[in-house]
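In structure tokens below, several structures.
Shared between the two complexes below is chain A, which has chain B as its partner in the first and chain C in the second.
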Partner chain A sequence: MPEPSEFELSGRVTIGQYLPTGSVLHRLDPRVKLCMGLLLIVGTIGTRSLLGLAILMAAVLFGLRLARVSLRFALSGLSPALPFLFLLALLQVFAIPQHVAGSAVVWRWRFLVATTGGLFAAALLVGRFCVLVLGISLLSFSTNTTELTHGVEHLLIPLQRFGLPAHEFALVVNIAIRFLPILAREAERLMKAQASRGADLGRSGGGPVTRARRLLPLMIPLFLVSLQRADGLVEAMEARCYVGGKGRTHLIQLRARPVDMATLAACLGLSLLAIGLGTLGADAWLLHRLASHT
Partner chain B sequence: MNTASTPIVEVRGLWHTYLAGTPLETPSLRGVDLCALRGETVGIIGPTGSGKSTLLQHLNGLWRPQRGEVHVCGLSVNDPAIDLRVIRQQVGLVFQNPEDQLFERYAGDDVAFGPRNLKLGREEVRERVREAMEQCGLPFSFKDRLTLELSQGERRRLALAGVLAQRPQVLALDEPTAGLDPQGRLELLRILRQWGKDGDRAIILASHNMEDLAELATRVYVLVAGQVVLEGPPEQVFERTDVLVPAGLSVPPAVEVIQELRRRGFTVPHAVLTPAQAIRQIEAILHA
Partner chain C sequence: MSSNTRKIVIAGVMGAISIFLGATHLGFIPWLAGAALTIMHVPVIVGAVLEGPVVGLVIGLIFGAFSLLQGAIAPTGPTDVWFTNPLVSILPRLFIGPVAWLVYSAIKRFNEATALVAAGVLGSLTNTVLVLGVLGLYRLLPWSLIATIAVTNGLPEAVVAAIVTLAVVAAWKRIESGRKGSTV
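Showing the complex of A and B:
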């Protein structure tokens, strides 16, 4: 694989990309997929068990498989975050004291102490992060933005009673998401144009003021172009007599099928299982069993 | 044309694929060969998405060749040790709608961006800004104008001056006249013709506007789906409607008129490019 160019911005961010492979997962009701995403987040953050996390990870990997997305592509979005993640894990192990019952010292060097409790917490942290990134990537791989905003809008409709403008909210989200790749392309073009005039945008170093100044050739035109685009969009919408909110009907009517409900139920079950395993202390029991075996 | 001239740009077997190695990979260039001699103005014609812009961006090292070779001004873009800033100074690249890239408050400062990046002295920068602005038909006094107050045509010429201020050997332009009014277009073509007169320089012009190429180019490449399908002097290339039209390209109106005359049984001996040439041919027919 050739190394990506310094300018190919859109190639490096895999999260938020839609991959039209037309799989079973792509055909699920977007509302269901959104709820599954929420359940995954709740489950991942809620669980205190590595075993529970492993179950959720397995579910996400199974989902990627179903969506026909190669694992390598999904993981490539994770790689830029790995150094930070490693640093966080180190901090978790050494800097935050872990007073967990039954925690034993594994390794000690001067003031650095690693306990089983610390290692456990670090593993949980890294695991959570990976599951979240992969899970949310999976949602975006298999759901295009129109479906996504439809889903958001429909899920928010009950809140309209409390004065929440569901349709407008969904529209804002839709436009924001829709414009991200456009802005990325624009930024790419500007970076290239300024690099052609000898700008050194990739260089690091210098104080914060110098670094901010170096970005001016990029930021100012980017803002100008964005405002121009927004202006054009408003005019185009007005020209087509756009009126939001009340009484607006939809071309696509969402209908949940039995398969949607079943998937949702399975996802709910897995999340509850993960959280349940944490509260029951499944890992401690497992570690204990392992320790008694050796 | 100077026949003893040497190639200043040489592209051999260039391949490029966007987002290679991901499910979204799209082939862009598929084995392109191209060369430009000193003193030439080379046109690249192609429909949208044919790879014109990608090809241009290889010429100043914005992309490194994935496969194939790119040489400019005796430097190799393939060479990993080469200082890309030198190549980018030698090959001035003007993007599509370059007026969008201006960012300084004052026009003169924007033109000075390139020379300042070259770490030139104050006087030298001033001299280059003056020269580049005048080459682009902007009086030096415009340097104190607010960038945003200039008209669109002026802003485009200012952006061009920003590239010329680096004193490149090769000028590569992507759709330079797109979106300009007729007068702005003629002015821009005049500037390019003037700049290209120097026998040491070369211009490479990517466009789907046949009239621009008919006016300027000494040689034309037709790029379709990342491959060169035709190459030659414009009057020969524009005769090949059998290749151009299926590819989604048109020919200049003057060429079209002559071809229609031929279809109707008139003998038109010479190929034409511009309306003036067409008129001369029609006059010859009328007087015969």
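Showing the complex of A and C:
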């Protein structure tokens, strides 16, 4: 007898966690928040400086404070990844040769060698991950999915001039998000139907091939039912004379206020600063100091 | 000739399946040594085969964006951590659909079933090779380990993708041309 949770899928398909605290951050224009998220990602990945990462981390922590999200709650999302992160950092230090100028050996035991360059790369890896996780969580805490798709659509409108279908793309994202609960219900129904016919959907036991084969009676109907649903949706849309984004107006009009622009400018400044510190080699002297100490 | 509305809807629905498979972990098959095979990229291949390369690209984008979110918000394994980088999670996934569509439309005129299998295999391998390639370029994994993963994980993934693609598209096309509206 499979445990009841086996057939419960609806609860598992929520994307992100919106926390309606109604803070200043929540009231920002979703377009601005999306841009800030992108800038943060670009800054975090683009920077090669620990100092730059520290600045971005401080900005994200400040944002969490502004959004009135408790730090403990935000960090709890980080904890399941920590053991893996530690492993990756070890791999980075010991298994992958680092060619950094001015790198010195810190510690050596048989074939294990830790260099300052390796430690630096590992710190960068861990720092990057933490900033990205907290930053993306912050975006999902403060923006619900409706706002998010609106933001995406409005941001892409200028690109329509170059033939990019902004409205259509936003609609695709919207359909995908709205479809998730329907899919979850369909999948629950299918699992129960197949289980009642004797299908063994319990995911324990059996070799990999058996497990793969067990998945097919669920996957194939799921795809087909979805395609049928899609057919129905297409017919409904065409019956209502849907012709795409041309000349469509919106119920909600987004307006950027001075506060929004100022926040965006500040975020842009921080990201550029972080990348700039990396390219200027602000950490080089740090590395030198470390090297000369050992 | 399928309408623009149809392309939009199929892209949305296939994107939803990909997210669904990831969010519920139904799309993962436990494999050797704790690693898991995924079929999250199969909706990308199916969408590309049914509605063309642009739809495949859009579904790939949704798949990639979701794996970035998942890596950041709810990591489930050591590899998820790497996917917070869009060059690992999003960029490689954009190519799955176009490659699958190219392969399918090149072979279709000889034999449809073969074309579907080939699209499944090559679409899946595109994912494996590009993702692992980026990881290698970032020096996150040594190349020797990457080659091992490509063989132990990539090949079975390609086989599973081919089976599901063939079964789904063949069944769907038959339904479409035969008794329309029959339930599965």
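One rule holds in what follows: the second predicted complex is superposed on the first by the 203 of 294 C-alpha atoms of A that agree within 3 Å, B and C clash if a C-alpha of one lies under 4 Å from a C-alpha of the other, contacts with A are read in each partner's own complex, and residues count from 1 in each chain.
In the analysis below, a residue touches a chain if its C-beta (ideal position, glycine included) is under 8 Å from a C-beta of that chain, and two chains touch if they have at least 3 such contacts.
This is a predicted model, so every value here is computed, not measured.
Touching more residues of chain A than its counterpart among chain B and chain C is C.
Once the two complexes are overlaid on the shared chain, A:Val24 sits clear of chain B and of chain C alike. Of the two partner chains placed around the shared chain by superposition, neither chain B nor chain C is touched by A:Leu112.
In the superposition on chain A, contact is made by A:Leu216 with both chain B and chain C.
By the touch criterion stated above, A:Lys192 is placed in contact with chain B alone, chain C being left untouched. Of the two partner chains, chain C is the only one touched by A:Ala176; chain B is not.
Contacts of A:Ala262 after superposition: neither chain B nor chain C is touched.
Contact with neither chain B nor chain C is seen for A:Leu71 once the two complexes are overlaid on the shared chain. In the superposed model, A:Ile157 makes contact with neither chain B nor chain C. Touch criterion met: A:Leu85 reaches chain C, while chain B stays clear of it. Overlap of the chain B and chain C interfaces on chain A: residues 14, 17, 216, 218-221, 224-225. Chain B contributes residues 17-24, 57, 60, 62-64, 66, 85, 88-89, 92-93, 95, 98, 100-103, 113-114, 117-118, 162-163, 166 to its touches with chain A in the complex. The residues of chain A lying in touch with chain B in their complex are 1-2, 5, 7-8, 10-11, 14, 17, 19, 21, 69-70, 73, 76, 189-190, 192-200, 216-221, 224-225. Residue ranges on chain A touching chain C, taken from their complex, read 9, 12-17, 41, 45, 77, 80-81, 84-85, 87-88, 91-92, 95-96, 128-129, 132-133, 136-137, 140, 168-169, 171-177, 179-180, 183-184, 187, 203, 208, 211-212, 215-216, 218-230, 233-234, 237-238, 242, 244.
Contact residues on chain C toward chain A in their complex (touch as defined above): 3-6, 8-17, 19-20, 23-24, 26, 29-32, 37, 39, 42-43, 46, 50, 58, 62, 66, 68-69, 72-78, 80-82, 84-87, 139-142, 156, 160, 163-164, 167-168, 171-172, 175, 183-184.
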